[in-house]
Structure formats: structure tokens, C-alpha cells
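Common to both upcoming complexes is chain A, partnered first by chain B, then by chain C.
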Partner chain A sequence: MIFEAAFWLPVAIMAPLLAALCAFLAPQRMSPLVTMIGAAITFVAVGFLSALLVRDGPTRHPVGGWGAPLGIDLAADGLSALMLMLTAVVGAAVALYAYGYFNFPGHNEETKQRYASFWPLWLFLWSALNALFLSRDVFNLYVTLELVSFAAVALTALAGKPDVLRAAMRYLLVSLAGSLFYLMGVAFLYGEFGVLDIDQLKKGVTTAPSLAAAAGLMTVGLMMKTALFPLHFWLPPAHANAIAPVSALLSGLVVKGSFYILLRAWLEIFYPLSHTGAPYLLMGLGGVAILWGSLQAIRQTRLKLLIAYSTVAQIGYLFLLMPLLFVKEQSALALTGIVCFILAHASAKAAAFLSAGAIQLVTGDDRIASLRGLMEMQPLAVVAFGAAGVSLAALPPSGGFIAKWFMLDASLAHGDWLIAAIIVAGGLLAAIYVMRVVAPLFRQPDDAVLHRLTLAPKTMTLSAFSLAVLALLLSFAGIAVMEMLSIGAIGMLGIE
Partner chain B sequence: MMGWESSLPLLLFLSSFAPGLVIFFLEEEAHTTRTVLNLFGALLKLALLAIMVPGLLEGRVYETRLPLLPEIDLVLRADSLSVLFIVLSASLWLVTTIYAIGYLEYSPNRSRFFGFFSLCVSSTMGIALAGNPLTFLIFYEMLTICTYPLVVHRGTPQAMHGGRVYLAYTLSGGVVLLIGVIGLHVLAGPVEFVDGGALDAVGARSPEALRWLFPFFMVGFGVKAALVPLHGWLPRAMVAPAPVSALLHAVAVVKAGAFGIVRVVYDLYGVNLAHELGLIDPLLIAAAITIIVGSLFALNQDDLKKRLAYSTVSQVSYIILGAATFGLFGAIGGLLHLVHQGVMKITLFFCAGNFAETLGIHKVSEMDGVGRRMPLTMAAFTVAALGMIGVPPTAGFISKWFLGAGSLQAENGWALGVLLTSSLLNAAYFLPILYRGWFKPQQGAWPEEHLYGRMETHWMLLFPPAITGAFVLLLGVLANMPFGLLRWVEFLILLEYRL
Partner chain C sequence: MQTRDIDRALQADDDTRLTRPRLFVLALTTALVAALATAALTFPANVGRLAPLAIDSLPRSGVLNPVTAVLLNYRGYDTLLEVAVLLLAIVGVWAIAPRARIWFKTPDTPVLATFVRLLLPLMIVVAGYMLWLGADEPGGAFQGGAVLGGVGVLWVAAAVWLPHAGRPFWLRLLLGAGVAAFVIAAVGLLLLTGGLLQYPPEQAKTVILVIEGAAMFSIGVTLAVLFIGGYPRREEEK
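Showing the complex of A and B:
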């Protein structure tokens, strides 16, 4: 039984969900333990699932024996497996960090009470994300999308300050609007084709006007949730004001969830529209996002806002290669590049937020100006930030570099000089904003300030550091990602 | 080839990389452990080289391959050109490590310093061993990143400024190089470095595209090699501690740029193809301009380390001049200078560091009578300075001799003129220092004097320049001995010219 993917598909969703329930009901001090058990089981499920995918190829399983279109089908291919693994690894590191963060001596009792809800919320988010990656039905995807958003908004609000409540409210409204757009798109699809299952849609779609309407509505909805320029306005305040472990989850994983749906939707449902201007429009917005987000990041005076704007910029890269996904010769390279970028960005950005959080706990504020000399006090956190920055700026050796290598290779082979130029320029701009943080860290410390500091616990700095190291080690993951994607994902385009 | 032999290049890299990583996690006070690790890494590296050199002479190639991307491996390959660079870097690293231990004995953040120091040398090993352009690029950028913390080590505003300028130049250069590497990949598919050049077929097919790509490589490497006008970072990076300057100028950074140019000209394009495409003449002109301009700048510097920095700008381009001179003699001269410049310049920086640490001397105008107070240091400085000018029988004379002969062989009489002018300029900025140091009486007290018992300075600061200074002489006097450097370089150049 355990050697059947069908067994593990529901486990990957139910294990964190049940653990969330237990963590919610259990006494407060037990929740970390419950979380750990739930996380361990989910880890095993994701591991088995991925290994079985490699052995047996893509899988699809009707839960409870009810097949589509009535029942709920769960399905996995190489792309979903990579996303599941990413979520598990980044999530686990963040959870380890959170444990240290919540036990930092500086917090008062009331804050600790509030932080205790992190554990069930985080498990719930994990379950929702896993469900998202395993769904094959546009309506079920809508449901998972909503679950992800609610968990994410609730996590954002955990910080409890007025600023963050305002940001969380805005996040909630944008999210709801995005879902609404998405749902209207789904309605168009259902009205025209009478099915919601992606595999059936893939076979049945025609270039009807309602397909264009559905594409437009769903894309706009998902752009809102993914925070693609110019619909990114909600992201910086939400990601910057949340507590550090939550920022890491939001920037690292949550925005990738909605992008995942967008990617699949275009590759498998809306592909007849690939010759229209739409992919180029997304590319253009991505390009502007890279340049504008980076320039905003350079201008920030607060550390976490800088990192949040960096997310705005880096999301642009996900869209930059949209047109190339539909060019037969470049499709595989482009998809590999995008997925490598997702992996690299998730680990690097999570590492950046986590180390920023560790530094912030120590300095007591969020200004870049207060970072002076912390290299001597918190070397591990600083090195983690630096290594994450290397990946964000796509310098070798890092996962970010490999991703951009694929992207550059695909775009230049297709003769798209402009895309290549934006990729390169974006790397330099990223180096500038990373250095705006790193340089003060290396300055001579101000002795009077340093003596007042309490250091962040080792669990925090170590988990930030390991994510940063992961971002660097991903430089060797290019081939593995490509092989993983060849399990059902490369060539998932409807047209052959 | 036996299995373990293919891991030798990787071990060569790891012999400094692994100790570097461990050193980061050591306590500041773990002085002995750190020193043992440092020296162990440096000696292990030399031992590995000793295993490999006999095999290389038999024409064997040692190669480690790790899959990196579809069709492109991370290739670490020890061929005769890489070993030339490695022998230089590994030996100078050992000496510099000893010097750095003495130099930084009482300053803060030593674990961090030596950790990044080891990573820098590891990156240099990677650059030397890189078997294809992508591998080269990866280590080249890694070197940029690992050097930054060393340049800003002191954390003062000047150091931060120097570091910022350094990164601005080198990261931009890295981007230009990236464009060259990815462009070549799109044009020619996966390419590896081969003795004599790897692009003959592509050159026949699309010479125009290759012509377009060449400047990207040259600018990308030219930034680190400090080709005028890309040299601006080098004098500003002088705020770093003396061992770092030694590392920048002799062991790693500047050398990495020059080595990259040599690699691309010889083993990527191939000197014959580069000549046919008319690519090396512009390079020759750039090198000639750099040689003269660097020396002219050096004339006006009162700050000793700045004067040395501009001298590096000028001297490193001798290597490029040699690579860009079509003909055996010029090529031999260029590669010889790769080694000779390293040994001479590191000596000069060690000495400058000694003057600063022992007597607080930072300026040329403060050096009156320093030869009486620190005779050994001053003697080493003198030998190296004479070498820079090209006075026989120093090492510098040998390389300049070959470069001059090469210029005549290639019928570039004007290049000989450049060499002679440069030697005159070298004399004009080095001889006054020697005169002040030896013949002028001391003026007042030294700016900041430290006493070290009966020695003129700490022994760990004194031995390194003494040893490298002796080598400046030995490399000149024994140039023609069997199994010497000259034989090695001749062997290499014949391969590169496919003769």
C-alpha cells in the first residue's frame, strides 16, 4: 500500500490538516510538538510521493472512488512534486525558526498567546498549499486558493500591530477580489465547455470568445494574488509588517501557489490563446515589475520593506518567459528556468526574511541604518543574508544563477535580446539593493549600542543559514529539476 | 586513468575550501587551531601538486566532472597552463598565510578574515582549473564575492568606499563576462577549453559573431586585470590590510583577470584563430596603453601602496601584451611574467606592510633612512623593485627580455618602444624610493614605531618578503635550468601554437 502513490496523495493533504486541528485543540505548550509530528508525517508523504512519481510517472487518483466530474481527483506530476518538496523544506525551516522566535525572551505574555496560533495556521496553510498543488480541477483550485488566502491573511495579522492589521485587511480585500475574478473565469469555462477538470478542458477547449473571457478574468485574479505589477500594491506592507517567519512563508511560498495555477492554466487550458498578445503582455508586466520593484527596493530605508519590494521585482521573472513557454524549441528550457527560479527564490527569499527577522529582534528596529556592525555580533545571520543575496542577485554559485542561465539560454536562442537585457539588468539592480543591506553590516560596530544587544537564539540563525545554503546548493539542481519536470510536466502543452 | 586521480583537481579546490569553512566557525581565540588548519590546507595543496606535476609532464590530464546543466558539466581540469597558475597561487598563498597570521595577530575578526581568505584562494583554484567558460565564470564571480569582506575588513568609511567601488567594477565586469559566456553557448553549444583553441569550426562558420563576442570576454576579464580605463577599483581597494593587497595583486584577483584573458586567447579562441580574426591587435594596443598610463599614474603617488597599485596596473598588462603578441617569444614572455609579476609584487606589498606595521610609514616621503632601521625588508624591497624595472639578473629582466624579443619577432617595433618607456618610468618611480630608503638620513622619529626585540620586525612578517625576494633573484639567475619555469612555459606555448 505504501508503495502506491494513491495512498500518499490524500495523506499529504490530510496529515497537516489533522495536525492543524490537533494543534488548535491541544494545550498551548503542546502545539509545537503536535506540529512536529504532523510535519514529519507530511514530510514522509511528500518524500514517498516524489519517489513513486520518479518510479511510476504521473499519477491521478479519485478520492474515495468517485471519479471526475462528480468526485474529487488528486493528481501529481513532476511539477507538483517539486512544489510539494519546496513547501515541505522551506516550511520546516521556517517552523524551526518560529520556535526560536516565539521563545525569544523579549516577548510579553500577551504576544506569546497570540503567537501560539501560528502553529495551527501554518499547518492549515501547508495543507491548503498541498491540496492546491495536487488538484486537477479548476473549481477545486478555486477552493484551495481561498483556503491559502485565508490562512495567509490570518498569519499576517498575527503581528497584532495597527499597521499590520491595516495591511492584512487590504491583503484580504485584494485576495477576495482576485478570487472573485478567478471564479467568474471558472464560470465562463464551465458555461462554454461544461467541464471543470483540467484534463478534460485540455482536450475540449476551442478558441471561443468565452475562453478569452475566462483567460482574462482568471489571469487578472491570479495576478492580483501573485502581486504582479501593477497589482502588487498590497504586497510590500503585508509582507514587511508580518512577523519574520510569516513574511518568509508569504514571500517564499504563498505567492508561488497562485502563480502555479496561472502557469498550469495557461499551459493546459488557455494555450489556444498563446498566439494572441496575452503572453507578451504578461512578459511586459514582468519586465516592468523587475525594474520598478528593484528601484523601489533600492530606495527603501526599512529592511523588511526592501526585501518585500525585492519580491515584487523577483515575481517579474516568473512572467518574463511566458511567450517562450509556447515556442516548441524553447519551452522545456523556459519551464525549467521558471521552476528553478521558483525554488531558488523561495529558499533565498525565506532565508533573507528569516535572517532579517533575527537581526531585527536584536537591534529592536527595522531601519537599515541600525544594521551597522552586526557582522561581529550575528555573523551567521549576516552570512545567511549575504548568501541569500547572492542567489537573489543571480550570482554564481547559486540556484538563482542557474535559473537565469536557463532563462538567458532560452531567450537568446530565440533571439529575444530585450528579455536577456532585462534579466541581466535585474541582476545588477538586485546586487545594489542587497549591498545596501550588507555593506552597513560590515562597518565598524558602535560599541555603545552593541553592549545592549541580546543575541538571537541559534535555532533562528541556523534555520536562516540552512535555507541560504540550500539556495546556493540549488546550483547543482538544474538537471534534477529538468528530469523531474520531464515527468508529465514538460510538454504539458495541449498542442503538440 | 585511475579513479582516484580524477578526484585530484577537486581535492586541490577542497584543500583550501574545507579549512575555510571550518575556520568560520572557530572562536576568535582558537589561534592554534586556525593556524594549523591554514597551514595544513596550504601544505596539502602543495603536496597534491607534487603528485600531479610528474603526471602532467608525461602529458596526462587530471579532470573532475560534476554534472551541472544539460550538456554542461562543472569541469575542473589540471592541464599545464592551469598548473602554472596554481603553482604560483598555492606557493604565494602559503607565504601570504604566514604573513597574514603575523600581521593580524592582535586585530579583531580573525576567523572571518581567514575564512574568506581561504575561500578566495579556493575560488582562484577553481578559476585555474576551470575546464569550460561556465565553470570559469562561476569561480570568477565567487572570487568577487569572497574578496569583498576582505577589502572592507577594517570597516572604516574609506574601507567601505573601497569595497563599494570594487564591487561596482567587478560585478559589472562579471555581467559583461556572463553575456560573453552565454552568447558563446548559444552560438557554439557546449565548448571546453582546449590547448590551441576550441572554436576553429565555429570560426569558419560565423567569424563575425566570434568577433563580436571577444570584446565581452576582454572587458569582463579586463576589469579584474585592471586594463585602463577599467582599473579604477584597484587603487581604491588599497585601504585593505596588506595581506589582502598581496592577495589582490599577486595571488588572486588581478591574476584571475589576466589568466582569463590568456585562457580565452589561447584555449578558447586559440591564438591562431584570434590572430586571423584580427582580435589580438586591439588587445595589444589596450595593453600598451595600460602599461604606459599605469606607470604615469604611479609617478605622482606619495602613498606607497597606491604607487604600488598603479604599478600593478601597468605590470599586469605585460602579461596581456605577451598574450596579444603573435609569436613564440612574446607568448613565453607573457606567461613568465604571470609568475614573475606575482612574486615581485607580493614582495613589494609585504615590505610596504612591514613599513606600515613596524614604523607607521605609509608615504614615500616618510621613507628617508628606512634602510638602516629595517635592512632586510628594504633589501627585499630593492630586489623586487629592480625586478619591476627589469634590471638583470632579476626575474623581471627575463620576462621583459622575452617580451622585447617577441615584439621584434612580431614586427611590432613600437611595442618594444612601449616596453622601454615603461622601464624608464618604472625606474622613475622606484629608484627615488630606493634612494630615500638607503641613502637619505632619517628625519625625526618614525610615525608610529613598534619594537620586536632584536629583529627589525616580527619574524612572521620578515620571513615572507625575504623568501619571495630571494625567489625574484633565483627565478632570474636560474631561469634556464632544466625543469625550470622557462622550460615549462616553452612546453606550454608550443602546445598553444600547435607546434
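Showing the complex of A and C:
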């Protein structure tokens, strides 16, 4: 049984869920231990699942034994496996960091009490993300989206300050509206085609008005959740005001969840509409997001807002190659570029938020002006931020570089000079905002300030550093990602 | 200051003038609804979709009520995650508002408290009956849970008995029982049969009722605790 990939699909979902329940039931001081055990089992599940996937190919698990269309099917291919691994690795580093962050001297009892809820909430989020990456049922995907959103909003609110409560409330409302748009789209799909399973929809879809309605509703709903320009307005306050480990989870993983559904929905359900210009519209919004988000990031005076606007910009890249996904010759390259970008951005952005959080704990505020001279005090956090910046600006050698290499390759082969120009311009703008942060870090420190600083613990700086190293190492993973995607994901396009 | 903000927001709500931006939003919404309605009118007629299949499979589902079969068997995994959403809501609310914003004082007359005391056992029986009925006819854990939630709100509002502020283990156990029963059944069946939530047809009804029973109590307590909006507390603790 344990040597079949199908066995591990539900384990990857149930292990963190059961751990979340135990963390809720056990006394709060036990939560980190419970999280560690739950994380270990989930790691084993994700590891076995990915290894067996490489050996045996894509796999399915009919929940309840019914099978689609009556029951719900879980399924894994190379793309889902990559997303599961990403979630596990980034999540583990963030959890290690959170442990150090919460035990940092200076939090009062009430704050500590609130932070204790991080553990069950994170486990809920992990379970929900795994469930999302493994689901093959459009209604079940709605349920996972709800779980992801509620966990993410509650995590955002953990910071407990008025600013963050306002931001979390706005996040909740936007997220809820996005879910309802998505759900209405599901109703149209079911009303027209009578099934909810993605594989059955893929075989059965026709260009009916209902398909267009579903595509419009679901795309808008998921755009809201992914924060694609111009529906990005909720993201900067939420991601910037949350506590650092939460910001890392939100920017690194949560927005990728809704994008993952959008990607699959277009490739496998809405593909008959690929000639309508909708993919070009998404591409255009992505392009504007890159330019607008980068310019906003350059203007910021607060470190975490700068990083949050950088997320707004980088989300644009996920949509930039939408039209090329439907061009037969470029599809594989474009998909590999997008997935590499997801992996690189998740690790680099999480590393950036984590090191910013370490720096912020040390300096006590997050103005960019207060960063002077921290290289001498917290070299590891600063190096982590710098390395993450290298990947965000897509300089070699980094995951960001290899992702943009694939993207440039695909767009130039198809003769899309505009896309190529935006990719290059976005990289330059990113280099500018990264340098705005890195330059003061290396300046002469102000002695009077530096003497009263408490250093961030090694657990924090090391986990930020290891994620940054991962972002750089991904530069050598391009071919591996492509091979992984060749397990069922490349060629998932409905038209053959 | 917060009260003033709320007042201002309420006043803003009373403002119903049809300004130009509002007219624009209204027009846009109307157009969207019209377009969606037109699209919905093109649905193929006389198609049973999945309903015939759901009815045909009833003999293997362990229950006779097709809704219960969908919720607890065919798509039981959806319901498992939905029950987890309820628990997540509690974790979230307790994280943000550790102490309830409202508290309760014992009413001046003993009539209400006595009434609620009498009502509680009665309502537990009603909820249990709805749960039992749900296997074959309309009813089930969510309906029973709603009844329990209603009596829970009354129980708290009449200040019959309230735990001290905090998150006692028995309360957490009640809140988590639904998820616990569901996940344990799911994982247990995965290890036994190799399929998540794959009930053996002969035991299906028992498993469904056990899960529903636990879920019903969790749903009821969750609704009551969400009504309080934080750890329960009594007047003297304010």
C-alpha cells in the first residue's frame, strides 16, 4: 500500500489537518511540538508521493471509492507534486523562523497568547493548500479555496494592531467576493455540462454561452484572490502589516494557490475560449501589474510595503505568458517558465519577508531609512535579503533568472517582442528597488543606535538564509522542473 | 472613538441617494445579471445531471435520503473540509478576540433560566431525532446542529451556567469532535480499505451516524461560541 502513490495523496492532506486538530486540543505550549510531528509526517507523504510519481506516472485517488462523476477524485501529476514540495519546504523554513520570532524577548503575555494560534492556523493552511493542489473537482476546489482564505485572513490578523485588522477585514471581504464569483462559475459549469470533475469537463466542454459565463466569473474571482492588477489593492496593506512569518506564507504560497486553479482551469476547461482574446487580456493586465507594482515598490519608504508591492509586480509575470500556453510549439516552454517562476518567487519572496522581519525586530521599525549599517550587525539576514533580491531581479545565478530565461525563450521564439521587453524592464525595475534596500545596509552604521540593539536569534536568520540559498540553487533546477512537469502536466492542454 | 466610527458608518448606510457613481454601479450590476441570466437560460433542458446516478447508487450508500448520501457519502470529503472550516473559524475568532466582547448577567427573574433548563434536554432529543431521521428523510447533522446552536445561544443569554473565561479542554473537545470523528474515520478507513472515507456498505449507516452525531454537537457548540465571539465570560470578570 505505501508503495503506491495513490495512498499518499490523502495522507498529505489529512496529516496536517489532524495535526491542526491536535494543536487545538492540546495545551498551547505543546503546539510547536505537535506542529513538528505533523510536519514530519506530511514531509514523508510528500516525499513518497513525489518519488512514486516519478516512478509510476500520474495517479488518482477516488475518495469514498465512488469515482467521478458521483464522487470526488484526488489526483497528482508533476505540477501538483512540485507545488506540494514547494509548500512543504517554504512552510518548514517559515515555521522554524516563527519559533524564533515568537520567543524573541519583548513580546508581552497577551501577544504571546495570540501568536500561539499561529501553529493550528498554519497547519490548517498547509492542509488546505495540499488539498487544493490535489483536487480534481471544481466544487471541491471551492471548498479548499475557502479553507485557504479563512486560514490566511486569521493569520493576517494575528499581528493584532488596528492597521492590520482593517487590512485583514478588507482581505476577508475581497476573498469572500472572489470565492462567490468562483462558485457562481461552478454553477454555470454544472448547469451546462452536468459534471464537476475536471477530466470529465475537459472531454465534454463546448463553446456554449455558459462556458463563457463560467470563464468570466471564475477568472475574475481567482484574479481577486491572486491580486492581479487592478484587483491587487487589498494585498499591500495585508501582506505588509502581517507579522513576518505570515507575510512570507501569504506572498510565497497563498496567492499561488488561487493562481494554480486559474492556470489549470484555463488549460483544461476554458481552452475552447483561448481564441477570444481573454488570454491576451490577462497578459496585458500582467504587464501593467509588473510596471505599476515595480514603480510603486520603488516609491515606498517602508521595507515591508516595498516587498509587498514587489509581490504585486511579480504576480504579473505569472500571467504574462498566458497566450503562449495555447500555442502548441511554445506551450511546454511557457509552462516551465511559469512554474519555475512560482518556485523562485515563493522561496525568494519568503526569504525577503523573513529577513525583513529579522531586521525589523532588531531596529524596532521598518523604515528603509533605519537600515543603515545593519550588515555589520546581522550579516546573515542582510545576505539573505541580498540573495533573495538577486532572484527577484532575475540576475544569474538564480531561480528568477532561469524562469525568465524560459519565458524570454518562449516569447522570442513566437516573435512577441513586447513580452520580452516587459520581462527585461521588470527585471531592471526590480534591481532598482532591491538596491534601494541593500545600499543603506552597507553604509557606515550609526554607533549610538547600534549599541542598544538585540540580535535576532540564529533560527530566524538561518531559515531566511536557507530559503534565499534555495532561490539561488533553483537556477540549476530548470531541467528538473521540466522533467517533473512532463509527468502528466505538460500537454494537459485540452486540445490535442 | 470606535463608537463614533460605527455611528458614522451607520449614517452613511442610511444615505440612499442615487448619486452618479451609484447609478453607474447599478447599471453595471444590472447588465451583468442580465448577461448571466441569458447564459443560464441556455442550459440544456430535461437533463438530470448527476441526480439519477445519485439515486441509483443509494442502495450502496447506507442511507435512503439522497441529500444525506451526497453530503456524507458520495461527497463526504467536501463535508469533512466544511466541518474543518467551522473549527478554523473558532481558532481564528479566538486568536483575534481572546475575550468576548459581550458578557451576560443573570436575569432578575428565575423564569427564563428555569425555562431554558427545561428546554435543553428536550432540544437535545429534538436534535438527535433530526439526526436519526436524516438518514432516510430530510434532516441531518446540520439541521440538528442548528437546533443545538439555537438552544446554546439561549443558554448563554440566560446565563444559566457559563464556564470561566478561557478555553477549557472540554469545550475544545466539543468544538473539535466533528473534525475528530471525520478525520479518524477517514484515516482509519484509508488504512483498512486503502480508500479515504471508503465505507464498507454494510457498516456505512453506522459510520455515517457516528460522524454526524459528533459533527452535530460540534456545529451546535460552534454556533453558540461564535455568537459570544470570544472565550465565554461572566459579568464579574469584565
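The rule we apply is simple: the second predicted complex is superposed on the first by the 496 of 496 C-alpha atoms of A that agree within 3 Å, B and C clash if a C-alpha of one lies under 4 Å from a C-alpha of the other, contacts with A are read in each partner's own complex, and residues count from 1 in each chain.
Here is the rule we go by: a residue touches a chain if its C-beta (ideal position, glycine included) is under 8 Å from a C-beta of that chain, and two chains touch if they have at least 3 such contacts.
Just so it is clear, the structure is predicted and the values come from calculations on it, not from any experiment.
Engineer: Contacts for A:L134 in the overlay, against chain B (first) and chain C (second): which applies, first, second, both or neither?
Structural biologist: neither
Engineer: I want to verify the contact counts: of chain B and chain C, which reaches more residues of chain A?
Structural biologist: C
Engineer: Once the shared chain is lined up, is A:L282 touching chain B (first), chain C (second), both, or neither of them?
Structural biologist: Touch status of A:L282: no partner.
Engineer: Is A:A413 contacted by the first partner chain B, the second partner chain C, both or neither?
Structural biologist: In the superposed model, A:A413 contacts chain B only, not chain C.
Engineer: Give one of first, second, both or neither to describe whether A:L147 is in contact with chain B, with chain C, with both, or with none.
Structural biologist: After superposition on chain A, A:L147 lies in contact with chain C alone.
Engineer: With the two structures laid over each other on chain A, which partner does A:R443 touch: chain B (first), chain C (second), both, or neither?
Structural biologist: The answer is first: A:R443 touches chain B but not chain C.
Engineer: Which holds for A:G191: it touches chain B only (first), chain C only (second), both, or neither?
Structural biologist: Second partner only, chain C.
Engineer: Can A:E110 be said to touch chain B (first), chain C (second), both, or neither?
Structural biologist: Touch status of A:E110: second partner only.
Engineer: Applying the touch criterion given at the start, work out whether A:L462 contacts chain B, chain C, both or neither, answering first, second, both or neither.
Structural biologist: neither
Engineer: Pick out the shared contact residues on chain A: the ones touching chain B in one complex and chain C in the other.
Structural biologist: Touching chain B in the first complex and chain C in the second, no residue of chain A appears in both lists.
Engineer: Inside the complex, what are the residues of chain B that reach chain A?
Structural biologist: 24, 66-70, 108-109, 112, 134, 137-138, 141-142, 144-145, 149, 152, 154-156, 160, 163-164, 167, 171-172, 174-175, 178-179, 182-183, 185-186
Engineer: Report the residues of chain A in contact with chain B in the complex, numbered from low to high.
Structural biologist: So the residues of chain A touching chain B come out as 373, 375-376, 379, 383, 390, 395-397, 401-402, 405-406, 408-409, 412-413, 420, 424, 427-428, 431, 435, 439, 442-445, 475-476, 478-479, 482.
Engineer: Can you tell me which positions in chain C touch chain A when the two form their complex?
Structural biologist: 35-36, 38-40, 42-44, 47-50, 53-54, 57, 73-78, 81-82, 84-85, 87-89, 91-92, 94-96, 98, 169, 172-173, 175-176, 179-180, 183, 186-187, 190, 193-199
Engineer: Which bits of chain A are touching chain C when the two form their complex?
Structural biologist: Per the stated touch rule, the residues are 1, 7, 10-11, 14, 17-18, 20-21, 24-25, 61-66, 69-72, 74, 110, 113-114, 117, 120-121, 124, 127-128, 131, 139-140, 143-144, 146-147, 150-151, 153-154, 157-158, 160, 165, 184, 188, 190-192, 194-195, 208-210, 212-213, 217.
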